[in-house]
Each structure stands twice: as C-alpha cells, then as structure tokens.
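Take a look at the following structure, please.
Per-chain numbering from 1; labels A, B, C and D assigned in written order.
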Amino acid sequence: MKLEGIIAYPVTPFKGAEQVLDLEALHITLNALLEQQCDAIAPLGSAGESAYLSWSEWQEVAKTSIAVVNHRVPVILGISELTTNMAIQKAKKAEELGADVIMVMPISYWKLSDQEIYEYYQQIAAETSLPIMVYNNPATSGVDMSPELISRMFQEIDNICMVKDSTGDIQRMHKFYELNHGELPFYNGCNPLALEAFCAGASGWCTVAPNLLGKLPSQLYQAVMTGDLEQAQALFYKQLPVLRFIVQGGLPKTIKAGLNSMGFAVGNPRKPLQKASPAQLEQLQALIKSATTA
Amino acid sequence: MKLEGIIAYPVTPFKGAEQVLDLEALHITLNALLEQQCDAIAPLGSAGESAYLSWSEWQEVAKTSIAVVNHRVPVILGISELTTNMAIQKAKKAEELGADVIMVMPISYWKLSDQEIYEYYQQIAAETSLPIMVYNNPATSGVDMSPELISRMFQEIDNICMVKDSTGDIQRMHKFYELNHGELPFYNGCNPLALEAFCAGASGWCTVAPNLLGKLPSQLYQAVMTGDLEQAQALFYKQLPVLRFIVQGGLPKTIKAGLNSMGFAVGNPRKPLQKASPAQLEQLQALIKSATTA
Amino acid sequence: MKLEGIIAYPVTPFKGAEQVLDLEALHITLNALLEQQCDAIAPLGSAGESAYLSWSEWQEVAKTSIAVVNHRVPVILGISELTTNMAIQKAKKAEELGADVIMVMPISYWKLSDQEIYEYYQQIAAETSLPIMVYNNPATSGVDMSPELISRMFQEIDNICMVKDSTGDIQRMHKFYELNHGELPFYNGCNPLALEAFCAGASGWCTVAPNLLGKLPSQLYQAVMTGDLEQAQALFYKQLPVLRFIVQGGLPKTIKAGLNSMGFAVGNPRKPLQKASPAQLEQLQALIKSATTA
Amino acid sequence: MKLEGIIAYPVTPFKGAEQVLDLEALHITLNALLEQQCDAIAPLGSAGESAYLSWSEWQEVAKTSIAVVNHRVPVILGISELTTNMAIQKAKKAEELGADVIMVMPISYWKLSDQEIYEYYQQIAAETSLPIMVYNNPATSGVDMSPELISRMFQEIDNICMVKDSTGDIQRMHKFYELNHGELPFYNGCNPLALEAFCAGASGWCTVAPNLLGKLPSQLYQAVMTGDLEQAQALFYKQLPVLRFIVQGGLPKTIKAGLNSMGFAVGNPRKPLQKASPAQLEQLQALIKSATTA
C-alpha cells in the first residue's frame, strides 16, 4: 500500500444534551468526505476528538468507519494514549476490526525520555502486524519527538513505516528526507503549510479541510504534482484563510460549526470544549464562501 | 479549615508484572508520611500517577487513603481530567468518600480558552460542596491559567478557595497576593522554589519531599515562620540538590526509586514511564544521604 | 528596478593581527561573487559583520563595493543601527555614495514598541530617496517585527518597498502575501528555507551561499521558476547540508573559513567571534565537496 | 571592598532637541540618589542608556560620576560592548578614571559560544586590575550566560569576583550558591524579585528604584537582614507595583518620566526610544504616590 495525496479526517458526531455518539451522522459525513477526492480516511484523530471518547465509543467509531468506507480507500485509525497498555489494546482492536494503518501518538503527563518513547512504539509494534504511522503533534500531546528519534524507530522497528508531523516546522521534513535518504514517507499535518510541505517532498497532507473546502485540497495536490506552481500558489492562497482560521479556532469546534451550517448535523465538541460563537461561525462562513467561489 | 505548612504527596504503589494497585503498600507509605510533620495529605496528585489510573483504581486509592489518614490531617484528593463530565464524576465521588478538599486541574488536548476553563471549574463547583484548590501545572497538563483568571474564579465561584501553582514563576505568587489583597491562599508546587515561595507569603508547600527527606521540609517551614532566615537558607540549600533531582527526573520515577531503596516496596511507575536506572538510583541515594546527615 | 532571484552577501575581509580592513581582498571576493549568476550584491549585511565595523570602516566598505560592482547589478547596503540618528547618517551616506537600495534593521537594547519601530523607519525614509528594504532578523537584532507592522509601513511610508525576513517562519511570507494582496515583494533570508520560500512566492533569496556553492543557488532559483519541482528538490537537498552548517556555525565564521580554504584570503571574524576550528573547517569542506560534485 | 545592599543606577540626562549630555543634571541626580541610603552607585548601566552613547560621551559620564560621588560609596561603571577591543578600551579608561568596579556584559549580534564569552572576559580581565562584576541580562544583550559558565570564570579568572543576574530566574541564584559553595557574591538585577533574591542569599539589589522610591529599597534590605520577614513582605508588596511598571515600560523611559515629574530635568531617552505618554506618566505617578504614602 502506498499512501499519497489527501488523507482526510472526519469529525466524531454527537447528538443530544448528553452528547452520545451519532453513528448515523458519522455515516453521512464519511460518505460526503469520500466524494472529495480523498486518498485515505483517518477516523479518531485529533479532529475526531479521539482523546475525549471512552474505550467503547472508540470501538464503535472505528467499526462504523471501516464499514462505511468499505475498502474504497485505506482507513487509518488514530491511537493517542497515555499508557502503553491502553495503546496496545487499541492497536489489537484496530487490526481485529480491519483497519489498514494505525496512526500512533504518545500522550504525556510526565515527560517521556527518548528511550521511553522508543519502547512505547516498540511494544505496540510487537503486538500488531498493521503498518504504523508515527504521529508527532506536541501542541496537543505534550510530546515532541525529534526527527532523529523518529528516523531511528523507522529504521529499527519493523512496522513503523511513515510519519505525520504537525509541528509546522518545515525543516523537520528536510530532516526526515536527509536522515533516511528519501525512504521515509512523511506527511504534513499542519494545514497552513500544505503548499510548502508538498514542495519539500511530503507524500501527503493529513487534513480536515475537505470537510469544508471540497476538492480544493485535492486540486492543490494535483497542481503541485504536475509542476504547475503558479496554479498551486493560487489554489493555496485561496484556501489559506480557512486553513488558518480552523487551526487557530481548534479543529473540532470549527469543523463541526462549519458542517452544521452546511446541513450536516454533527453536534458540538465535548465539554470543556465549546461550540463556535455566532461571530466565529459568521466569519468562518464568509471565509469558506470566499475560498470556494471563483 | 485553614491549610498551612507542608502538604505531602504520596505515590501510588503497584505490585507484580501487571502493576496492579498495592493498597497495603499505600497504607504503609501513608502512615510513614504522617510521621514527617505533614499538615495535610494529597493522594492522587501528579506524583500519585493519577492520570495513569483507571476510574475504579482512582476510587480505590481515594477510599483507602481517606481511611488510613482517618482525620489525623486533612485529605486533599487530586482530580485532573480532560472532560468536564469525568471531573464532575470524581468530584462527587470524593465528597461521598469523605475527602476534605479537591485539587482540580483541567488537562488539555485541544487548547482551552479562559472561558472554557472558567466553565469547567464552575460546573464542577456546582456539583460539590467541597472546597476546591485550583491546580496550575502547565508542564504536565498543557493548560496554563493566568493569575488573572484564577483570581477571577476565586472571587466569583463559591467553593474555589485556594490555588496551587507549579510553574516555578515566583511572580505569579505576587500576582495572587496583589489581585486578591492577600486573601487568596496560594501554595507552591515547585520544589526548588520552596524557600522563596514561603518568603513571598505562600501558605504552604505541596511536596513529595517528606517521602525521602523526612522532617526537613517541615523544619524549613518552621524556620521561615520564626523569622530565622539564616537557618531557613541552610535548611533549604541542604535539601535543594534532592529537590532538583526529583523534579528533573520525574516524581513517580525518582520517589518510587527512593522509597524502594528505603525498604518501602512501592513498585515502578506505569509504562511508558520507566523506573530509575541504577546510575540514577545511586545518585539519588548519595544526594539523600548528603541532605539528611549533619 | 525589480529585484528578483539571488541577492548575494559578501563578507568583509580583514588582514593582520589588528584585523584592519582588507579592501583589496574585498575587491577580489566581490568579483568572484559576481561570476555566480547573482542578481544583486548586498555588502554590509549580517554576514559582512556590519555591526562590528566603525563608522569610517562602514564607509570604506560601502564605497569600495559600489565601485567594484560598478552597476553590473544593483547594490544593496546594509544599515543596522541602535539609534535613529546613526541610521539616518548611514542612509544619507549610502545615497551619496551611489547605492541602489538600503536594507535597514533596527537593533534593540531596550525593547521597541511598534510605534517606536514605525517612527525609526519613517524618520530614516524622510531623509533619503533610496528604496528601503525592511530587514527582520530577530535572532541577531533582538527586534521582531510582525508582518502586520511591516505591511503597514509598506503601505504608509513612501520608499519602504520590500521586506527581507530571516525568521525561518514560512507563515510570515503567507502573511506578507495576503496582507498586501501580493504587492509587497518579500525576500527570504533563512537559507535552509530556500526551496519553500520560492514556492511560497518569494521574489528572491538573500544568501551568502554563492560564496561557497557557486551557481547552485541560482540553479535552484531557475528550476523553481521553470516549474521543474523535481529538479528543484534535487538541487535543494544537494546544498542543504552546507546551508544548515553555515547557519548553525554563524555566517562570518563559516563563510570566511570556507573562502580562506578556497584561496581567498579574507581573514577571520572580529573578536569575540572566533574562527572555525580545524574540525569545523574539515566538516565544511567535506559538505561543500559533496554538494558541488555530481 | 565588600559590596552589599542597594546598588543604585542613575540615568544619563540629556538636554535640548539634540539630546546632548547634561552633566549638570547628572550631578544633581547623583547627589539626590546618594541621599537614599545607597551602598554603591553604578553609572552607565542599562538604565543609563550606555548602549546609546558615543565613546566620548561614555567617558564624560564616567568622569563626572566619579567626581560627584567622590568616594562616598564605590562607583561601578557599566561596560556593554559587542567587540572585545572596545570593551578593553573602556575597561582601561575606567581604571584610569578611578572607578572601583566594572560591570561587564557582552552584547551579541552573532551568537557567542561559551568559549567566545570566556575569552571575551579573560582578555578584558588581562588588561585591567579592577574587580569585574559579570552582568547577565539576555533580554537586552542577546547573550545568556549559564551559571556554570559564570562560575567557571569566577573560579579561573582572577579579577572576576561577582555576578549580577537580571534574568528573573531565582533558580540561577541557587546555582551560583551551590556551584561556588556560597563564595560567589551574586546580585539581583530583576526588580520584581527583590524580596526573594535577598531571601535566597543575594548580596545586593542592583536597582533604579531609589530614583523614584527614595529609601524604600534600603528599608526592604534592612528588614530582610534583621529577619523581620513580615515587615519585609509589607515593604516589598508596597513598592512592587512601581517595580513592575518600570520594568515593563522600560527603565530609561519610565525613570526619566518619573524624575522629570519630580522636578529633576533629565530629558528623554534617545530615539528610537520614546518618552512616556501622558497616560503612562499619570499611572506611574499614581503608583509612586501609593507606594510612598503610609
């Protein structure tokens, strides 16, 4: 399997005052996403409020997502866990449910040494045959993994075979390239760097943007691939205000607000996260309109 | 109830390869702590690996701790939760079990606005009659609450009545003092600032140090209280190398290593956290010896 | 005048134990630089140790550089001054000597407010008719100017007409583009971002690299301009190890070491800056060799 | 000579639109400072706009200050220079003029390695017999010297014999104490830490505060020395709002504004620094009034 292009991230819909899972809404939003020229679907990521779900909820979302996607594109399941044991439990379940890839990120309370991180991944990898995408997102996880550590794990641990970096530091991508002579596929998780990451050689863009911007992310990818840099710049700067807005506002809040306003009833993020204010929603709608009209 | 002086933090002992709770060891270590002139006991804090426990484990540790302390000093239970709902669930349980105070800290995945933090505390406070100590420790929680926000919550939310700050920024303590005209009791959670926090007017020192250093922390407190600054400096600089070492090494790892070497069988921290290496243990033992011999 | 492409930065050669200016060596290195397909020459920048020169030395370097370049390409003179008065003095001298552009950066001791920075530029601009390139390099100057401030100055102050950003934050370039609807030419001063800055729409790359890497920088620029992204990536990753090394080692030290080893006797940087160690020089030579051989 | 207590920093007065030195005003403000129970006077420091003066102006201020103080207390002259050569030139002049101590800080443009900093101090020390106070103030100088480096210089370079730290990190003072077994006298240059630095064992407080707050700083020092912590806290919190205000507003701007409003005509700071706005001045006056009335 060769993952390239647009890896799309769905939200996890809730319904009612109790914010229980809304699997029907999940079904609908996943199908809508798949119409946006996505090359893979990644449920239970940061945007999917993975960290805010119970163990049984996590399983339900995983199961439903895999069924809905139904092999149209690969499914990458997100696992972000504080303890090694819980991460292993999810990895095994992901494999049992038929996921194609797991995207794994350690969460920190007490800071982790490189050796602790290494063994976290090593012990998870030993319990699954699924390919593992290392996910580095210190802003949410509190763990920052250096390119050197990630490259060492890629070279030494069998099923670690790709990395998603969300730091927004393009020089890390250079490091991935250099330390592994171009052999480690790296994916960009920082939306406002989409253009430059592709230019630096990223295999893909991990993004929620297709939820709100339709095929624009895919068109950007195509423009870069065909060497039409002028067109790529035009497509990028067109969608950049939306990309920046959703990152600054927090993905669950802003993507759910946008989807709700587009007619997908996905509910609000879980407390203490709050829904977008009317002013934020209005601004978001204006930015989307500006990006998606000629 | 007026909390002042040394607020001691126990670890959470585990046993066996499976690292199940060891309530008997908890009993023993709590009793040992109570002999060190502690003015309160705070189970399930950062040092107690609260974040690494299941919901049922959290309850067991809380119940056992309250029973063992048995009103000899106040018991402060730690609650550090990502979702408002889970924090409320624990607050209610703490009250039901007979805790005297809860120490509450929001954990972040997605960054929280001041308003989101405010409502987190407000909603917890509405569900319990226990006094709440706001706990600010951005290095572990990913949430940094400004003195202005904390002071506003103190002034507006009924049972919020104290704050523990672990940032190590002494100027925050000045702010607590000034913004509340000296009415908000503040506690220092940064061990290497113990001397200066007391000098700045802190009501207490929240610390694991009595586990390894016996009555030295209490003696430092007494020296400051009696205005013997020379003695306070001597006592402080004596224990500082140990304080710095345990902070840099991570509390669960270093305190458990120290306790194990002193004959308390408390096990190791939960994976991915690792136990202290032989070299670290040797260094710790040397530092403790140097601090505790005349 | 439309500045585009490679803006090359010479060093300032010294000779003897007293480290007096070596204008003859300056002559030779400038002529060598001009053979590397440079689109402009920028003496007295950071790499030119501008901050370490006396007022009379600054004038001598300026005068000699303008004479040697002799209108073959535009000359951009660097002005980095703590006081407004001294910056004005240099701006007037630059015009008198026949410079084409001045590149101006405030240096801080006491932090400057946006208003103080604005008036610094406004007062300099009022005293010269030369076009001004705003130069933002907080790592050396201690002043960080936001894209918003720079854009406001571009829009409101007549001869402010371009910006060089050396922060290495590609998102600032996005801001320059957006805030000025693509009308503000921006130049990249962070060598390891050369590829991505061009992809983001930078008008040029301000760099010392042609001193050591010959026409490689220019070839990278050409590859991007012709939409050959694959070739651009190849050319970029080829020279990246050298670019990273010279940035991490400090430009005056590493470029002078490289030039000396290539037969240009340019002396060492001024104390307290030290020359490259033998090990550093060896590493640099190996990197240059690897970059410049097929 | 044993420096202890309050080390007071005068401003450098200017007059007229041209902002020429006003030595008469300097005379008057120095005499006024000496009435505030200061234990030493330190002209040409950060507050004295040393970095904004020409070489001849620096000499005039030094000469006048030494003459006015006339051995009533020690005079510490500030030297903050980018190049080693210029720092040596000032050190020699300071000795020739009769200064008691020089306070030396390297300024950075290109970052300095520890070895470069070490040799900067070593080469200056070799050219003077004056005692040297190492001055660490990364916020203004761009150079941050670790306690380890400073301690090594204290132990190895003969006339380096004290350190002033303005980082506001109290734990650095602990390091000075520990690394030198209490033998290295350290001085606090961060005004809002005045209380805690004395409690941690600082020999003195380097401050502009006596310019505006009269004997309050000295009274704080006395209260700590006599072990009256309650009185020390009261005196500290009384003056803290002024201390914080002058630090946040920038010392030359705020101290000059305060002095001008108290009848000392000292002019404004040099451009690009601006004078305090009417609103800032009003706020400052209110804070001073509140601090200095019972």
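Here is the rule we use: a contact is a pair of C-beta atoms (placed from the backbone, for glycine too) under 8 Å apart; a residue touches a chain by one contact, two chains touch by 3 or more.
For clarity, every value in this text was computed on a predicted model and none was experimentally measured.
Trainee: Where the CA atoms of chain A average out and where those of chain C average out, how many Å apart are those spots?
Mentor: So the centre of chain A lies 38 Å away from the centre of chain C.
Trainee: Report, in whole Å, the distance between the mean C-alpha point of chain A and the mean C-alpha point of chain D.
Mentor: Averaging C-alpha atoms per chain gives centres 52 Å apart.
Trainee: Roughly how many whole angstrom separate the Cα centroids of chain C and chain D?
Mentor: Roughly 35 Å, centre to centre.
Trainee: Which positions in chain D touch two or more other chains at once?
Mentor: Counting only residues that touch two or more other chains, chain D contributes none.
Trainee: Could you tell me which shape the graph of touching chains takes: line, ring, star, complete or other?
Mentor: Its topology is that of a ring.
Trainee: Chain pairs that touch, all of them, please.
Mentor: A-B, A-C, B-D, C-D
Trainee: Quick one: in the complex, what on chain A touches chain C?
Mentor: 168, 170-171, 174, 177-178, 192-193, 195-196, 199-201, 224, 227-230, 232-233, 237, 240-241
Trainee: Could you please specify the touching residues of chain B with respect to chain A in the complex?
Mentor: The contact residues of chain B facing chain A are 46, 51-52, 80, 82-85, 106-113, 115-117, 119-120, 123, 139-142, 250-253, 269-274.
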